[in-house]
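Sharing a structure, written as structure tokens. Questions coming.
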Amino acid sequence: MLDVKTLERIRVRYGETDQMGHAYYANYLFWFEQARGAWCRDRGFTYKSLEAEGIFLPVVEVHVNYRGEIKYDEWITVEVWVSELRRAAIRFDYRILNEETGKVTTEGYTWHVVMGSERKAISIPESMKLLLGRNPSDYDSVE
Amino acid sequence: MLDVKTLERIRVRYGETDQMGHAYYANYLFWFEQARGAWCRDRGFTYKSLEAEGIFLPVVEVHVNYRGEIKYDEWITVEVWVSELRRAAIRFDYRILNEETGKVTTEGYTWHVVMGSERKAISIPESMKLLLGRNPSDYDSVE
Amino acid sequence: MLDVKTLERIRVRYGETDQMGHAYYANYLFWFEQARGAWCRDRGFTYKSLEAEGIFLPVVEVHVNYRGEIKYDEWITVEVWVSELRRAAIRFDYRILNEETGKVTTEGYTWHVVMGSERKAISIPESMKLLLGRNPSDYDSVE
Amino acid sequence: MLDVKTLERIRVRYGETDQMGHAYYANYLFWFEQARGAWCRDRGFTYKSLEAEGIFLPVVEVHVNYRGEIKYDEWITVEVWVSELRRAAIRFDYRILNEETGKVTTEGYTWHVVMGSERKAISIPESMKLLLGRNPSDYDSVE
């Protein structure tokens, strides 16, 4: 089920632009994060609830290709999916579609380690594997 | 000693601008915060050390007057001082000088309540009053 | 029609929190801005289109009262309305409801001057007064 | 001279942390940008002056490895250098030292295309090659 994508629509804020007139490169990482949150909710849980159980997913690697511009007030769709699972790490992939231009402007990925409540890397717990493997069509998206 | 000002120099980042070509209004609050940190260090302690002792100073009120522009790569000097102390609250005042133009571009203040480790408002502890009342000329600034 | 409010729902991003565990005070100003954008769209135009016509609304004053906490992943509703019009300035007022707790956590306002394409303050043009005075129920919200 | 590194010291802001207690992953990209600005100044010019001459360096690719934590109020040193020049593109490399722990916590790079005033990719102009090839020890750092 890992290849099932979640789509998250975001409208670009004025404060996310810079003086070159389009979105500043760091702000894409906020959008990736928002999309990861939506990915969880599509599968019936939240990242917040993971943390409440003592599981954290800090980012350890980021890669982004910026192909085209994204401007103020434009709607973008961030596609997000889990592309790889390791013993103690998860990779999310992203593709951003600029709805204004109809073009894919951005591609990227993030690697996350799974940390337990002692803030050390742990193997992905079975309970979490079940969450990650869920088919979104079997679950109501969490509001 | 409350009227003794601390000066903090900051250079404006590209990512702090917006498409209008100058610094976005929210980013001034990051600069105010940096200046408050410098105010503490000038008096021989750090805000970090306050939190380590279970004292937090969340912001409860903000006011900013934006009189002039601040642009990318410009040096600003943020003047900060404590203008009022109440039983459980502190007010910091700010004035921003744009070094490029030599003009005061911004004035503002922030009110903070004093919270203890239970995350409830408390009267300012005596130990903290001593810190706030320090004369910076008696202390080495904390690196 | 100035008293007609627009509501904008926003979900708090992880990157908008700080180590105290709730949303950092500067980030509320991004939410205010997003709500102003929605206010325009409710009346059948966009802030982007104003800028395209050479009208800019830089912020000259901000006031915020932070009464309660707002945390990661919580839904907030930002209520926004125009509370005052002057010859060359507009005031927007804001009220933030934390949907999680059902409480109004934040109130504030921003003053904006109206600037023309020469980047100088101008009297509000008649065409713009008509936009500001629109009744949202007469217009389709701009996507 | 491309291998000559520039060092930029930055102190982490409170607003740059998140509820996990350390710096949010997007904020590193602001630090990289600040370090690139310092790299230019070390060679006697500014990125601002490049833009004034109609040369822009938008980011087209980012890679970051986050190895260790960076916390509020910690001093970091960002090492930055140009690691590769292509006909119309420049790569900057970065290494972040956490001064508190003495450890290299972060490594990364950014690719930039060279854009002219028409906002299209251009070959790196000769005048700019001269700037990039400067030996910082021959120049006073721009204030």
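Residue numbering begins at 1 within each chain, and the chains themselves are lettered A, B, C and D in the order written.
FYI, a residue touches a chain if its C-beta (ideal position, glycine included) is under 8 Å from a C-beta of that chain, and two chains touch if they have at least 3 such contacts.
The shown structure was predicted, so the numbers you read here are calculated from the model rather than taken from an experiment.
Chemist: Same or different for chain A and chain D, where same means more than half of the interface numbers show up on both copies?
Modeler: same
Chemist: Please work out which of B-C and A-C is bridged by more C-beta pairs in contact, and write that pair.
Modeler: B-C
Chemist: Report back the single chain whose CA centre is most distant from the CA centre of chain D.
Modeler: C
Chemist: Could you give the separation in Å between the centres of chain A and chain C, each centre being the mean of its C-alpha atoms?
Modeler: Roughly 27 Å separates the two chain centres.
Chemist: So what's the Cα centroid distance for chain B and chain C, whole Å?
Modeler: Inter-chain centre distance comes to 26 Å.
Chemist: Which parts of chain A, given as residue numbers and ranges, touch two or more other chains?
Modeler: Within chain A, the residues that touch at least two other chains are 14-15, 20, 25-26, 29-30, 33, 72.
Chemist: In the complex of these two chains, what residues of chain A are touching chain D?
Modeler: 20, 25-27, 29-30, 33, 56, 58-67, 110
Chemist: Report the residues of chain D in contact with chain C in the complex, numbered from low to high.
Modeler: Listed in rising order, the residues are 14-15, 17-22, 24-26, 71-72.
Chemist: Which positions of chain C touch chain A when the two form their complex?
Modeler: My answer: residues 11, 13-15, 29-30, 33-34, 37, 46-48, 72-73, 75, 143.
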